[in-house]
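Order of writing sets the chain letters: A, B, C, D, E and F. Residues in each chain are counted from 1.
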């Protein structure tokens, strides 16, 4: 898919999901390179792609990584350098594509026979983990928050139910009561962005679930590829929380609505983050960022 | 209104609201007495009324109080006793009817110019407080949780808006984020039942809001008439949390839904309870119960 | 039983248990009175009894109450006063003797079908509660801490097992792990002394269990007659924590041992106290003391 | 002292200290009565006195109590009523004057041999407690916060030192560090006002000391006469925190200064309140108010 | 010692202690290699050793590390490779053997003159630290929990006492009371396993001591070689908590006993871990694992 | 400046500020080297400099780093090695000098339009951050604690005011009240030393501000160059908290004063540390130390 086509599909949300976006952006640059693009053209292609979705951190992360690879080869003999670069990009894409599988494996290991789990929103990573554990023969219960205003919890419930996972829907405000009275042991959630200090940005309601998990003795487990860790946060850049349209919440003429799309869960309420690099404490976010994007943090 | 008519209207929820139920039950017994009922007939009338709504504590509280008055007069000369009893019952009804006004006055005093408030569900007591403070000339902001699954928050929003109070609707899961980022100072909620140790039963989601209030530094204020304090809890009797129909939450065929109607907020998350007897710490619930229903606590 | 005999049996611990001690002391004074003792002789008898066990608060509470009754009659015509006094003392003893039954009833009401409970030490009040709930047909599990160094938990386990209650023994240090992994919902313990601010003195280990209960989301419920509430604490008098002999812990020659017999659980870790006057928050201790011993608080 | 003279001395702070103010106001009304004032003149005298210091709760409490006494006698034969009223007022004054002694006794009982104590500001009640305990032969250490901006801690230090108490001065910001590293066991502070829900208003810095006490395992003990409990707070009336002049903090031309004189310590950080009625949990504030000022809470 | 002999001694617990096990396993493989074992034979020897004690993480860690070294040399000329491999193994063993000394040095540095310490169970690492600090001339007190059911605290007490360290035995349930009333400043414990997110598995009771340390203001310090850090936990594998025989706790026929051998202390209750690589926050566990076992985490 | 001159100026505090000290010490060694000093002479010069200020960690860190560079070149041909060494030292000094700028940039990014900030003491790093954010056009409020006993807050206030930043002075004990009532969102402080486990040593009062920030929902942000991270703490060495003269606090003859200059903020109260390497969680301190001073941690 060409750069412009990819940018368009990312913009129109035809290509969605942080991991998919990262993969498609890298592929578009790869194709550009195959088609003979120079380093400078690649940089410009990166700019086009980057503008397609200004808020998702996986997009600039992927583009910057490919450009970083390109830059490190740029002064070498193109005959030798180009195949090496293409191989590097291909490796990067493979690793991205394989990350979901790794996280599913590690996350499924964390689920124990007889567990009671809870989740909020619809994280593909989280449902993969649960389905993997179920396929491994473990039996457990899942409570899924409906996740107002857009009710993504319905997708979660249908997806899990289709594979036979024992899942029950609750309203968001019943999360704490359910944790206490149904003996929830672990909460699994996805992430939108992970800050360098370990704080986690995710769907509105997540920080509330994390606080209540801590107070009811449940573990709070974030599941996400490291492509969503923000190198920008290393420089202190903060994500502006998107406020969405009132109509998502209610069609009440003249009624004011405050509709934030995300919130921030502080690191001290997160027991662990499951990444393709393994199970880490949130505080290892900085190390992961240095290992992966250290070249860009100068 | 006759006993049977009252019982029917309470049962069909034509008569609703804890205070209204208490008043109408007392009135029905009063009418019975005027019509010449004996003490034993009054007791039987009480049984009929009591069965009309087994879960609301204000109903047996009101009936038992009237019967207690009747009993204390029962061995006296009816010519003298009956007018005295009717006067006592009339006093009791007046006090019940006046309690909302008192709570509105005391609660409104707690609101300060420039405050940011939050509420969940639709408590008539809470909206009265806010409207009173607004009428007193104080200017403040209110955030109202929509209160899934039945969206009683919409009633709250419309009610406040109609009197000009500056109110904004949020989804339930945005309560914590709103408290932190909009500097919420005080949370006002109603109550369904208050236990003798100060724990408060209220609409599902309340305990979650109380916990998040504590963690964001906001005061959590329960507003309720003492007719909802449970003398049964003095004897260790616990309220069974009602589980309501799945269809209230979602129409998803085959999907399991857990839909508890209430939850329990522990006393340590409650800063104060505003009653018609004044502003009390939740731990004074036992004292209020002894003062009011001590005769029944044997 | 004569005053001297009673004093001796209390001293030798033949008469033991706070409630039994209180009852026997009151009975000894009653007998003294029947035998013609004057008010001053009664006061002296009280001194003898009081010295039999200097640390148990129920003993002076009982004696002081009887003397208070005696004093209020002392200036009246003995022919009238004595029978009235004897009747008052008899009432007091009946109430004391009935208190265990009341607490058992109220405490049993707090136990719900399917509950998982935990207790430490051997409280007759607590085992009565559990046996009553079991006899009521409720089915639940109990974990009992062995309660080093004297292993009173063994008595608890055998006592419960004899009536068929499903009980399991654990070492004291497994309490927190058990609460989390076995979903303990409620902890029931007795009390040695209750302070006027609601703090509770009980067997060493209790404060640790209370803290862990709070952190694992379990309710911490103290069960005790109000005869153990300390009027002395109203005046700021503190109980000196008894340190017992090293040999209770280990026979290791030359090894230093610190063996405190009790500890203090702060009110904020106590959800409720079950007394014969009902279920109260710990903070109502002062009110209970005023209601019962107000005459002595001058 | 006449009403106008008393009012002037209260206004000019020649008469200061909540207890002294209460006593002198009651005495002025007593004198007025002796001089033949009618009930209406007494009410007007009360108004004059009340205006002398609008923020101290002990002043209206004292005046209202005396007027309440006067009102209850007002319709009786003055020949009989006046001496009775004067006796009642005299009793009230005696009780006020004796309250410091009671609190000193109860508070001193709470101090144990070898204790390490901490205090902030200069509370006459607190220093009396410490001096009483020291006079009782107990040996302990005291850390006194200097209490910026007016350095009332210097008065505390000199006062304690003059009676030989082992006292050490610290800056306010060293309170937490001192608690941890010098093993502070108990913090004693006075109070300006106690709310009906148990919250305590006292000198700026108190709420910070209370929080750090809780986190370092020290008990936080408020010492105050019940004349400072606010009946107005029963009706939800809140105290406006006084902001004092910038020059108290620093003489820096053009520099903005925020100089609040008081802050509010929430009840959950207060272990007990020592009053002349004994040691109570803060949550018993409502009960104390009802016992003392119940007639005014209607 | 041959592989089979070593395996047997590990299995029979003649060789015990995580570090000793790791050293002996490495030595057995070294000897195998000296005796001419091929790479495949070494792998099989590793399997034999691994099966000797399935739950101790130091055993597979040591075996895997030696096999990793062997694998990296396996395709080279044996004449050159074998001496290099033997040198590498020898280095590894030296480092293992030296780690206790390093930890003792670093841990002893953390002890300050006049400290009051507490420990649970018998950790050789912890006693080495205390003995080293004592030998350095520092004077401090130690409280040792008896550690039911196997009373390993007795070994701790005797070991410390033999070198003159001032040590006192307590029952496990007295830990919290002792921390508060004896001003415990630091708790030192060993570890069985450290998870990649910083959670620590250790003897039953440890998590309870950690919680109480946090609440009494004491530091909680884990002391352990990095050979006990679990690379398996990076992949989400959880340790199943061993349940041991009832007879260890009590010989009460027919009595059910729950006897878990270990528990899990969450990272937020751990102030630091002292390893041979220095003093680290628990959250650095992932970094240590990557530095040491990164080759195996692929 | 010569080594002896530099040492003298550091000793007399003419050269002050951790970063300046580090730079000047490195420069003195650089000059020594330019003047022909041998490696051994350099080591001795390091000793002289190190003694000039025994407590500041940036001084030995800088010296040790330069000596480490020197050592790595010491066995090479001086003709080649010396210029290389001088270049390395020059790089090191540049990086040191540039670190303030980096921290200012990253820290300023963390400040958001409309924020309310609070600081204690006078940290040049913190004021640079605030001035940078202000210069970027962001508008916010700052509350500055006066910082007894030496009132460094006055310097902060004047410095910020001179650049137009909206700053208000408060007494130290008003920090908690201000956080709650003025909606403080973020606290920025400097650091004296950072431990390898993430604990932070800073001016007395800092740990109290951190605790109150946590309880009022404000973020606590430490701003410091990594030159203040302590490699000594990796080995368990603890900083002895300096106690300064009584006269700094008050001139009260015969009055004991406890005047600690610093305190320790535990890692769990620190949201992030802003360093020249980016924004890190405090728990990444160990990683930063390994990256920077790993050669010295052997």
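In this section, a contact is a pair of C-beta atoms (placed from the backbone, for glycine too) under 8 Å apart; a residue touches a chain by one contact, two chains touch by 3 or more.
Nothing here was measured: the structure is a model prediction, and the numbers come from that model.
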Interface residue overlap between copies subunit E and subunit F, same or different (over half shared): different
Distance between the centres, which are taken as Cα means, of subunit D and subunit A, whole angstrom: 57
Euclidean distance of C-alpha centroids - subunit C vs subunit E, Å: 44
Residues within subunit F bordering two or more other chains: 215, 268, 281-283, 287
Chain pairs in mutual contact under the definition given at the outset: A-B, A-C, A-E, A-F, B-C, B-D, B-F, C-D, C-E, D-E, D-F, E-F
Subunit C partner contacts - residues on subunit B that touch it in the complex: 195-199, 233-238, 266-268, 281-283, 285-287, 290, 297
Subunit D - residues contacting subunit C, complex: 105-110, 112, 268, 271-272, 274, 277-284, 287
Residue ranges of subunit E touching subunit C (in the complex, touch as defined): 120, 143, 145-149, 151, 154, 157-158, 161, 167-178, 181-182, 204-205, 207-209, 211-212, 215, 241, 246, 249-250, 252, 254-260, 263
For the subunit A and subunit C complex, residues of the former touching the latter: 180, 183, 215-217
